[in-house]
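The two complexes that follow have chain A in common; it is paired with chain B in the first and with chain C in the second.
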Partner chain A sequence: MAAALGAVALLATVWELYKAAGPAQGWSLGQTRILPRTSDLAMPHTWDMLQRLVEPITGARDAAPLWRAVLDAGAVSLGIAAVGWAIGVGVGLLIAVAMQRLRVVERAVLPLVILSQTVPLIALAPLVRSWGSRLEIGSLEWAPWMSVAVIASYLAFFPVAVGALRGLQSPSAIQTELMHAYGAGWWTTLLHLRAPAAVPHVLPALRLAAANAVIGTVVAEVATGLPGGLGRMILELANFAGSDPAKPWAPIFGAVVLGLLAAGIVTALGAGLARFRRMEASA
Partner chain B sequence: MTRTIWKATAAALTAGLLLAACSDGGEETAPAASGSAGELTPVKLQLQWLTQAQFAGYYAALDQGYYEAEGLDVEILPSGGDIVPQDALAQGEVDYAIAWVPKVLGSIEQGAGVTNVAQIFERSATLQVAFADSGIESVADLEGKTIGSWGYGNEWELFAGLNKAGVTDFELVTQAFDMLGLLNGDIDAAQAMTYNEYAQLLEAENPETGELYQPEDFTVIDWNVEGTAMLQDAIWADTERLESDAAYEETTVKFLKASLKGWAYARDNAQAAADIVTAAGSTLGTSHQLWMTNETNKLLWPSTTGGVGTIDEAAWDATVAMAMETVNETGASIISAQPPASAYTNEYVEQALSELTAEGVDVVGEGWSPIEVTLNAGGA
Partner chain C sequence: MTAAAVRVTGVTRVFAGAGREVVALEDVDLTVAPGEFVSLIGPSGCGKSTLLRLIADLDAPSAGTVEVFGRPAREARLSRDYGIAFQQAGLLPWRTVRANIELPLALAGVGRGARRERADHLLDLVGLADFAGQFPDQLSGGMQQRVAIARALADEPSLLLMDEPFGALDEMTREHLQTQLLRICAENRAAVVFVTHSIPEAVFLSDRVVVMSARPGRVREDIAVRLDRSAVAGAGLDSASDDLRADAGFFAHVARVRAALHGTPSLAVAGDTVAEDAVRGGAA
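Up next, the complex of A and B:
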């Protein structure tokens, strides 16, 4: 906690130092801007951004303070991201187990899993929305937020599938042969040897998946225009970049906090698996 | 050998699964089947951007119960960065869509079966804005300048103007959704809608004076004046369903009738309409929302076509001609041939207008004049 606060303080200090001492026009390499301008439009003071958070979001009489609006939007996005994360983790684990079980599945599916992450979100978002709107599962009607959750899960399943596969394959031949000698079948081996061995690989994958789910949710909200969440708020508040420069930063802070929160929640969930976590493999 | 066969089988299986997953679009049910008496017909309307007063008429019609009175249960879907309204319509996701004519002409040539059933905006709202001291006062002055545009089909009036003025040497920059490019000096002339981005400029503080920017700080190029304005917001319907589904035709007339009534409400009650849009989930500031309502009203009222929503043949032909002739920086144009006759029809809007006139609704707004809106800092 102290470390996190220290990191925020450090970031704010660097921001203000650059704003005070950096080149006013920034620095460009050819047409590409490498360093930002230091004007109040491009980089508002940290205290201005903080102060903007406690002021009302609009001039309307009953307008909520900006931080409250960001919090509400963040809660909506977090809910969608959680659904996307759960679907992504479920699908990722299933794919990993299938890939471990059948070599042929691994050969067929693993390249597709990797290929799936090269499809740009901008192409995917309208497709998912279009398929979703035609889908009818019993009495369940497809709601726009579900498209966003699906896109989030699409980004979340990847690290889980890859991480879990590595984990499930991590027991050495001598261990699997011992299970074999005990007469243990595939299912028993999975439950008692492979699954526990996979935990150190899966935990960091789950955290990565959480971060991906949050990014996927925010980007998909922007792409599909889903109201209520942080992505849409980023799009809406971009309107004020010229006239109220501190305002568009609020939902961006919200997204950062959301990502940290999601990773934190997943870490807390992982504490229940601490018994199997002799050492954590790097993702 | 066996391994290769396994691989091939697995690949074939996977491909088959993917195909099966993709081919569920053949038999979707029409969302707006005719409802029996007393039941509301569900209708989905796809907007082309976020909830804002650009669409005040539809939100007013919803809020004032005009749709319900016509037996329609209308759901208004705002759009985001990547949703193309005419595509959503052509794929049967929605029943009607709002989109600019030149953009849809391109989609129609690509095979989208959609029909313009009401031309809501009679005038163009697109400006190219520069600082007054930049020396840019006409299209010809854009020679050698950095010009901003959002792209994605929003750039065609600009290109038509540049083509007409014979300007060929310029740098085109893709503009963000804010006006910082112009304010920071990265862009010499930035694209702006009268109802939104132009107001953003007037809500920003001029660092030289410490006051808000004033209209005289800028020069604007107005495509209506330059003669390269193209038709913008129109209501589009599904061509095939118009031809084969009598209930959908009926729904179309009702939908247009209630929508136009909503626009008349927005004309006569600008402040109330702005408040309705804000209540529908727009986070724009109070003065900005009212400005947008007022500027949008100017695009419809007074109607010069005999009734709001009527598609003026001359304006349509001009837009089509420009869509065929205008070339962008890569030498491409929007369409290569005349659109099919099904691309627009006044059949439904005329029916809606005659019903509205019979009810005593003013569909021309001859005596209407815009209100004065004072923009506050940040649009508050």
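Up next, the complex of A and C:
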């Protein structure tokens, strides 16, 4: 915790130092700007950004403070990200178990799993939205937020599938042969050996998945234009970059905090599994 | 006639290597009587571990048959006729010592109360009653191996298969555990097939030492060991084992097994005579 706060303080210091001492016009290589301008427009002071958070969101008399709006949008995004995370974790674990069960599935599916992450989310988002809008499952009506959750799950399942597969394959030959010697079948071996052995691999994967789900949610909100969440807010407040330069930073901070919060929640969920994280017996 | 604990008949095991076949075992016969302690010894690559794995049905022979208590090895495995221990303890790190010992019982569907009772007895047997609640990473290598032996005994098997279980331990721990194993076997009356590459270990523990030769793996000689182990097996005292290890009969058998291992039949015959004399002398 102290280290995390220190890192934030360091980042703020670097920001302010560059702003104070960096080249005013930034630095460009040909047409490409490598380093940003140091003007208040391009790089507002960190304290201005913080102060902007407590000021009202608009000039209207009854406007809520900006932090309140960010909080509300963050809650919406967190809810969608949680659904996306849950779907992603479920799918990821199923894929991992299937890959462990059958080598041929591993050989066939693992490359696809890796390939899936090279498809840009921006390209995928409109597709999912249009498929979703045509979908009718009984009385369930496909809501736009569901498309966002599905896209978030698309990012979340990947670390879980890869991490869980490694974990399920981690027991030593002696341990698997021991289960075999006891006449234990595949399911019993999964339950008593492979699943517990996978825990130390799965927990970090779940944290990664949480961070991915948040990123996926925010990006998908931007790409599908879903209102209410942080993604849309980032898009809307970006318009104020010229007139109110500290304002667009508020939802960006919100997104960062959201990612940390999501990873923190998952870490707390895993706290009860400490005994599965013991080091492998050495002899 | 009661069925032999293990009956291996004409077993050959060929591994398909890269481009050529490796004959790990060729036409091996082996019979182990109930309650008998048999060691398999030989140079590395002689197939002694392979033979043990065939008995455990962790591998299947290319030719020949393996029977355990009159049944095919596979049936014996599925009905948990044997307990097994390897060179590595292979304990589950997330289970306590007690839970590790109870694992085979839990898999067999034994109730909680009965599991606890059996585990208490086994913990006493291997002298780890004070460590029941510890995790494997808190134990020394020798203690882990004792847990593995207790686990192998959990189902009260009439056959114990051990693949160099003391191979990774230091000499002191090794001799101590050998003594304890003799005591435990005397209590349990299980037949044991014990793979080792230590001649003194094989002689100290076994009723019979089966000497194997490498490439292809064959049984070269089957040497009966006649030593009076009652003092060791009774109380499991290290001092009694030290006496046994210093006995002339012990040395004579060691010399005989060594001669058989090195494939010098003339010496083996000479050693045989020495051994017989020594046994007679020791008995007198």
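Basically, the second predicted complex is superposed on the first by the 278 of 283 C-alpha atoms of A that agree within 3 Å, B and C clash if a C-alpha of one lies under 4 Å from a C-alpha of the other, contacts with A are read in each partner's own complex, and residues count from 1 in each chain.
In this text, a residue touches a chain if its C-beta (ideal position, glycine included) is under 8 Å from a C-beta of that chain, and two chains touch if they have at least 3 such contacts.
Keep in mind that what you see is a predicted model, and the values were worked out from it rather than measured.
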Room on chain A for both chain B and chain C (clash or fit): fit
Residues of chain A touched, compared between chain B and chain C (which is higher): B
First (chain B), second (chain C), both or neither touched by A:275: second
Chain B versus chain C as contact partner of A:244, first or second or both or neither: first
Superposition-derived angle with apex at the Cα centre of chain A and sides reaching chain B and chain C, degrees in steps of 10: 150
First (chain B), second (chain C), both or neither touched by A:3: neither
Touching partner for A:105 - first (chain B), second (chain C), both, neither: first
Touching partner for A:175 - first (chain B), second (chain C), both, neither: second
Partner chain in contact with A:184 - chain B first, chain C second, else both or neither: second
Which superposed partner A:24 touches (first chain B, second chain C, both, neither): neither
Per-pair minimum CA distance [chain C against chain B, superposed on A] in Å: 17
Set intersection of chain A contacts, chain C complex versus chain B complex: none
Chain A-touching residues of chain B, taken from the complex the two chains share: 6-7, 10-11, 13-14, 24-25, 28, 49-51, 77-84, 87-88, 91-93, 176-180, 183-184, 196, 200-201, 203-205, 278, 281-288, 376-380
Residues of chain A touching chain C in the complex: 172, 174-175, 177-184, 188, 192-193, 196-197, 199, 275-276, 278-283
Chain C to chain A touching residues, read off their complex: 56-58, 77-80, 82, 84, 86, 88-94, 103-104, 106-108, 135-137, 141, 144-145, 168
In the complex, chain A residues that touch chain B: 37, 39, 41-42, 57-60, 69, 104-105, 107-109, 112, 122, 125-126, 129-131, 133-135, 144, 221-228, 231-233, 235-244, 247-248
